[in-house]
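Order of writing sets the labels: A, B, C and D. Residues in every chain begin at 1.
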């Protein structure tokens, strides 16, 4: 193998730049030419591809987002689009690909590999933490700290005004961010896709706690489980608190990555290049028991990541 | 004067605790008894009043919100409410009041002083920065840094996805937070109550910049000027960017206060007690040319604070 | 079991309060009385012990340090001291102990258990990350982020002035913090106890990189491996950079804990109480493959924690 | 005037990049060519000068340090050095200069202007806040927040271990940072160059407070007033606390600038260019009563900036 390409695809997540840096530098140190592909699979199709070197990734580790930019690329869903992509790779002599992204991006990598035989190593970068077999995805730790910091700020106001806040956080399929941030901030409840919630019971519990002297109430809602305003409307009358909603939105995706995400991304970037050099064909890097391993991408995609629901119980007991 | 009271009223703002601490400690050191009144004017009416000492305000300076809690108190708008309040003060021998809050709270202090003769010193605590004659209100600096930090996070994502973000920030009457945060983040535009905006012209300018290679676009909107979703709807089709909105909401009120807000609040708290000891009747502390002064509260309330619009021009020129 | 005690011992670390909170609340919810012991083993000897409840641990999770305070207790190293401690426990009916701390504190727990039979569950809280069998100790993640943040600040100045900084960080026995922070900041080198360093070779490499245009140089030194000023003296003449040293010191111990540390501490606190209820005698909670388990404390203490040295190689390759 | 140059000189401070950005963009928008001079006066002598445009300053506002780099330039202290500098300016047609830096840098600007007639506008950028007539210098607010954040972390450990910390902060001539950070953190004492300190009296006061139940003690020392280790040695025996020292060092210079510093630097950068266009010859921008003005640089340099010592008294009363 003489040349590889790297791209970031789908929603951006903090730490992607550290992964790009590791892929480029580890590749170059191992004698490879490394090409950066812009805007995900779109750049692969459009030929927005340029060679990178040590200097092109200097000073990027601390930056949120991705210097290669990202997109959700409709054209790559078509056979024609993927054929263009394969031709561009062949033209430049690129013999292997590193794809940094979430579930959709990894799915694309499998399809592409099967059709054209190009070895593709995935790196799970998504704040949703919904990729199976890896303890964490790149960006999750940063996102969680951003959410915790935001909820802590809301608590100041909630306590001062004896209010309830219904905070809507990311997580269409997974309640990971909602549940973990609820535990880490001592919030009163987490409403997540994995566990059905009885709002009447919840309201009754909160009312009980208020009577015992609690001055505020924070309920964290995963966007995939409910809308904050619906929760607010349904329970505000019952809980005896003035209720406000807060939609954290896109600030959850940004920010300088935490140490954890920089390390995870760096290690996964190195491991991805090693996998290509080792002749792997269609695998994804995973964090498993503290080690970075690779695992068959199709196997990963065919498994639903489970949330540890004993933590849900803990969140209820301790708040 | 032997005893004074202190309360926080209206929307909370970071730094209020530093002001309470200064009032209590400076008062006590000057031989006064200092009473803390809970939940603003409501506590004055309900008699939720307790004596404070050095220890009661230990370790609070770094905390957002207000340990005395706050509220908007409808009953204080009635003569009956204020009579109860005056009786409670008389009963406890409280001869002067420090009121920390925004425009509505200061207005209440004037009415109360006129009716019952109680000396009242106001301290401007509001993130809206809409109190005249003071360069800054307590909480504004912290709020501004929170907003700048949030916009910086959005920029990561905006650049990675080549998107526009319409960010709605606080400011019903004043565009201060919107304008300053737009300048401090190099955002493309600020939409503020003080300056009418032509969305067609703005869209044309953004489209022009995009053609010259700009990868993202941030428009900061003060809530008093427009709704982010209206702005997004009106210009998204024209500017050639995928457009998202972000409502920063209540996180803008919280958080550990910045050094600036802690110092401002501490100095104003000390000055407020001095003013009561000096026999002032109805004044408010202001930051003027780097010094803390007091000024007639009615005069302050009768003046509309002006935003320095040369900064608006600068924001347009530099972005 | 009807009553348990909890103490924090040795150097404090961020997240200890989250562990205390979990022990108290989970204990109380399971019908136990929970006693807080002040200043580590000293309080056990002096009888500085008070019952805690849900309210005593409200709002502490976000705070650095430990509300129970900590100490290194010489008297507990004596038989007499430990006898006093055992008597105090018996007198209060405390039948089990949770000890949050580092290696010395866990060693004390084993000695105490063996002499008096009191069941003791340890929770590894130390920023040194030098406890075997657990992937992480409480406080390490926060410490690492503090160090990364500080080095990032030094880089600003290093680049602006084309300087080298020799940064000394914590780690008497372990190079974990030094190595991980070096990788996470893209620093030029980590000097750690686990790997002998040839300063001449290092200087030659740095000089080479400078000639190729590098504008700054950061070397992270674990305190157990070398003194920053010695490193500076030995290599500054050779590397062609103006050299400065920075001792990060005790700021590495403080600060509001990260989400990771809050979650780890909460889960370990819960698990420790479960272990006492399950009849465990002398175990310690560990994070292993993403799960919280308990393991024989003596076995843990008799094993030296290994640093993953493949990461050392990565740090050299990527910088 | 058709072309101007901009340089940063002396110790770097956060916000310098925002000033550079404003000078470049405001200059270009007003029809000027703007040249960036590298490494302060050294680049002027060596001819390390390149033209800048809108794109060269994109995305730099949030960065600490200075993209133009900085130095203390010995050669500029010689007539020969300054002659070379003047020739380089003439050769490129640069008719005015903006110098961003502290006292030494402004002094250099006056000497240079007098010898060669080149109009020079200074912008006070130094974390020492020791430039007269301006309420604040660029970088001071960021530095102060960094120091407050660090002391807050030390307080966690100080309280947990019932210790004293002697914290040494920047300030050779000025106690500004030490005094303000002491007030903003409720520290027990500030030792500053402006006020002689009686360590025996200080120790007696701290001992008294400890007896009344205080759990920690923080003393902030400006480097120009004393060395932390000397203070520690002299008072540790007397105050009844275990004592540690902390040298904050160069982390005080770095970091992403606060909103305040970004705004101050932006406004000063714009004002500096306006001053050159207005035909000013040798002035410096100052923040005075909330407005940015210019003032004769020699007058500024001949005046010693005074610290408001009423704040010293407040720091003693409130702690």
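By definition in this document, a contact is a pair of C-beta atoms (placed from the backbone, for glycine too) under 8 Å apart; a residue touches a chain by one contact, two chains touch by 3 or more.
Which protein is which chain? UniProt says A, B, C, D = ATP-dependent 6-phosphofructokinase.
Quantities reported herein were computed from a predicted structural model and do not represent experimental measurements.
Trainee: Go through the assembly and pull out the chains touching chain A as well as chain B.
Mentor: Both chain A and chain B are touched by no common chain, going by the contact rule given at the top.
Trainee: How many angstrom between the C-alpha centroids of chain D and chain C?
Mentor: Comparing mean C-alpha positions, chain D is 35 Å from chain C.
Trainee: Just how far, in Å, is the C-alpha centre of chain C from the one of chain A?
Mentor: Here chain A and chain C have centroids separated by 28 Å.
Trainee: Which whole number of Å gives the spacing of the CA centres of chain A and chain D?
Mentor: Taking the mean C-alpha position of each chain, the two centres sit 40 Å apart.
Trainee: Please output the residue numbers of chain B that touch at least 2 other chains, ranges allowed.
Mentor: Expected reply: 152.
Trainee: According to the definition already given, which pairs of chains are in contact?
Mentor: All chain pairs meeting the touch criterion are A-B, A-C, B-D, C-D.
Trainee: Tell me, which parts of chain A touch chain C in their complex?
Mentor: Residues 21-22, 25-26, 29, 55, 59, 61-62, 135, 141, 144-145, 147-148, 152, 180-181, 183-186, 213, 258-260, 262-263, 266-267, 270, 288-290, 311, 314, 317-318.
Trainee: Considering the complex alone, what residue numbers of chain C touch chain D?
Mentor: Residues 8, 12, 14, 39, 63-66, 69-71, 146, 150, 152-157, 159-162, 165, 215, 244-251, 253-255.
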